[in-house]
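Alright, structures below, take your time with them.
In what follows, subunit A forms one complex with subunit B and a second complex with subunit C.
Right after this comes the complex of A and B.
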């Protein structure tokens, strides 16, 4: 009895420690965002909410947030749609070069972000020189870059969720008179919902927090949030960024809670 | 209601002829069971009727119309899948309504027909449930209702009972058969369980390695198997290998047995229930002295494995009726015999495979 209790206690404390370890940076950032001091110092001289107010006065951060959100929404949308189509081809059809295409689609996971960024930068310059249209002048260049980042995740997650589907269910729909497209839309697609939501969430987060690919591809005045933050701490050491991060954590947390209402996230990841 | 005619159907995967020149006919309202060992091509044949397997050559006709080039959704077959393949994100009623909605049946009529179909399989109270919240037997009935509600020309079933536990199998099978007869459905039923086939089918088609070996009613196949494979597959048969000789048959063990003589066939088959033991052998053509090797009491019958003088082993079934119980012990010597008209000389289609 006693030994069982001790081992349960030990196990329990291990779990608590692990969670603490994972959450500590988040808790730390949140804590720091309330410090009433111009420079980070410990112990804090007092507590304040003024850094939160300051976040909303920083136009660079606000417009960075908007840019990041726009890019992330577009990149995950495009990523998920292409992910569904690519998975459909990869899972349902046998065709020559299938394995090669699969590796190609997953490849950006293996290439360092800064390399992708540089390569695209050079590529875009060439496009600009030969056509006169510069992709980095609008969000297009950035969105294309982020789609490259989101596609491997979408393909992975959606193909996995599709691969687990039993094909006879789609066949049953065909047998009952549904054409190929109707069977896909009415029966297969709804059953992939969990994978699609997971892919969209992952894509959004990956795009939203990306720094290294974006850093070369943004134009002055239209940076993303991570870049705006980087620029801010070059000149300031106050807890404004901690406050901005706290807001960001809250927003993403809210997003997760909302999507959990539609798809139980525990089924997804 | 319709007639299904399959002519010279071939399906190859690479060099492998999975379905090899099959000719098959199911009359209106007839239930044909495809029976055969695992991998003999039953599912492939059924799926090619439904249109999920593009065939290599041959034709499939439903009511005189060649459907072999049509998409699955254009064939009007109703298939019950082995794992039922219900739509998990739809209620039972929505599952059943799906085929009607695809046929653009008006809403009010869909409701009526779904209610009727659910009533037919006694699932009216479960209409709003999700398939996940049903037992295996109930799921199977949903699959049946979903396939039937559209009035298919041909009803196709791939081992519909195999996911049910042994107790349910019998009663669900009988219900399915009753439903099929009531609605007069032309049906092809795949199974590798001979009991299921015997219980449900009007006609059995025995398949082996992509070909039809023999077809007919259960009695016909059991009593007059065409080959050694059929005799052994349907029930059990004692098979003695040897050669036909003048006026009889000489087993490889050297016993000469009386039998109807023929040239081609090479094995002699006797069903276990046709082996007579002890006093029963009085007056029969073949009587031998055998040694008892094992005895298994199975209630209504006693099964004994016997060693014949030629070294062959045979299995005998003795019917245990009150007053004629059999007392056998391992090692006993007992007389075993059979009537010549209970034996069959069969083509040996097993030895080349073995």
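Right after this comes the complex of A and C.
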């Protein structure tokens, strides 16, 4: 008995320590954002909220936030819609080469992001040289690049959640007289909701925080938030960046809480 | 076997559904990668930047220069260290999450996912605040009398490995959790009832059941580690020798596209090869 209790206690403290390790950087940066000093030295002479005011004066960070949000919304939308369509074909139909196509759609996950970014960088410049249209001058180039992040995650999450669905329900609807489209819209689509929400959430976040794919594709003055943060931290080590991070942490936290109301995250990821 | 009319119709529907995603991957991944592959055989020219030719010079240069040996070896060491660390630390956490009957399970899962969502740069900045010589960790340890002078953590391999590990650990926990949840624990109980020791039951029954998840999770995070840019740059310092920063430098700063393209392919080939070797070795050991 005593031995079982000790091992339970040990396991429990290990779990607490592991959580602490995962959350330490997030807690650390949040704490630092209240420091009333120019540097990140501990202990601080006092606490202040002024860095939060300063965040909103950093145009690079603000415009980075807007760019990242726009790119993430568009890339997730394209990724999830094409991912839903592809998953329908992959799960509902038997055809030769099905596994090969699934692997092909998941392939962007296997290519290091910095390699995807490099390849698109030279490809875009080649397009610009031969057609005069440069995809990196607008958000199009960045959105297409981020679609390479959102498609594999969408296919992976949606196909996995659909694989668990019972097809007989849709067949029952068809037998009872519903047309293919009606059966899909009224029966199958609502039951794919968990997978779609998970895919949308994951795609948005993966795109929003991506740095490796974007780093070569951004233009001066039109960068994404992670790159704007990286550039800021190179020159200034004051708590402004910590305050910006804290704002981002709060936004993501709120987003998680809201989506958790619609779909239990623990069941979908 | 002849195809019936319905087969053809269904085939047409499947192709139509697959078209958008497949087309996007062809345009945004396959075509650019082929361009990059072609560039890697071109030659660098100081004036024109790139001269079209067919040479293996760029690949030869990588294998000839000791600097790049160091870069690829550091990259592999960090990636292996961080991936194995994440596996070791992630396993107990995943096991706990898979088996817990707590009503706060949803919250506990969200807490694991959360650091993933705030991004690499934010977390690297968090580690800087902790690891710096005036950072929270060092000052606390000195105050407690455990150390006399600050530990040099920033700009070392350790900082990069710990930072990378924390970046990829949530992915590992999630992939492991989902396989452990699908394990039928009555099989493990049966082994215990039949006289297996706890270790034997773990090693011979439980481990083979979760191995597919372990290898899949490992492959995913290993690729992310090989690709790391922000973490080594911020925690290892601007001169830290890893592939992603070296690749960025060649393309963007030095504008040597042919050599940069070769670096990109070497990085990809090394990643794929190392992933295959590791998953083979791990599988062979346990089955």
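The rule is simple: the second predicted complex is superposed on the first by the 261 of 269 C-alpha atoms of A that agree within 3 Å, B and C clash if a C-alpha of one lies under 4 Å from a C-alpha of the other, contacts with A are read in each partner's own complex, and residues count from 1 in each chain.
Rule of thumb we're sticking to: a contact is a pair of C-beta atoms (placed from the backbone, for glycine too) under 8 Å apart; a residue touches a chain by one contact, two chains touch by 3 or more.
The shown structure was predicted, so the numbers you read here are calculated from the model rather than taken from an experiment.
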item	value
Overlay on subunit A: subunit C relative to subunit B, clash or fit	fit
Partner chain(s) touched by A:15 [first = subunit B, second = subunit C, both, neither]	second
Touching partner for A:172 - first (subunit B), second (subunit C), both, neither	first
First, second, both or neither for A:104, with subunit B first and subunit C second	second
Included angle at subunit A between vectors to subunit C and subunit B, based on C-alpha centres and rounded to the nearest 10 degrees	90
Subunit A residues touched by each partner, larger count belonging to subunit B or subunit C	C
Contacts of A:88 with subunit B and subunit C, given as first, second, both or neither	second
First, second, both or neither for A:163, with subunit B first and subunit C second	neither
Touched partner set for A:182, first subunit B, second subunit C, both or neither	first
Subunit B versus subunit C as contact partner of A:190, first or second or both or neither	first
Minimum distance between Cα atoms of subunit B and subunit C in the superposition (Å)	7
Touching both subunit C and subunit B, counted on subunit A across the two superposed complexes	none
For the subunit A and subunit B complex, residues of the former touching the latter	166, 168-169, 171-180, 182-183, 186-187, 190-191
Residues of subunit C touching subunit A in the complex	10-11, 13-15, 17-18, 20-22, 24-25, 27-29, 31-33, 35-36, 39, 89, 92-93, 96, 105-106, 108-130, 132, 134-136, 139-140, 166, 169-170, 174, 220, 223, 226-230, 233-234, 243-244, 247-248, 251-252, 257, 260-261, 264-265, 267-268, 271-272
Footprint of subunit C on subunit A - complex, ascending	11, 14-15, 18-19, 21-29, 31-32, 39-43, 78, 81-83, 85-86, 88-90, 92-93, 95, 101, 104-105, 107-116, 118-123, 126, 144-145, 147-148, 151, 155, 205, 208-209, 211-212, 215-216, 226, 229-230, 233, 237, 241-242, 245, 248-249, 252-253, 256, 260, 264-266, 269
Residues of subunit B touching subunit A in the complex	50-52, 71-73, 76-79, 81-83, 85-89, 98-99, 102-103, 146-147, 150
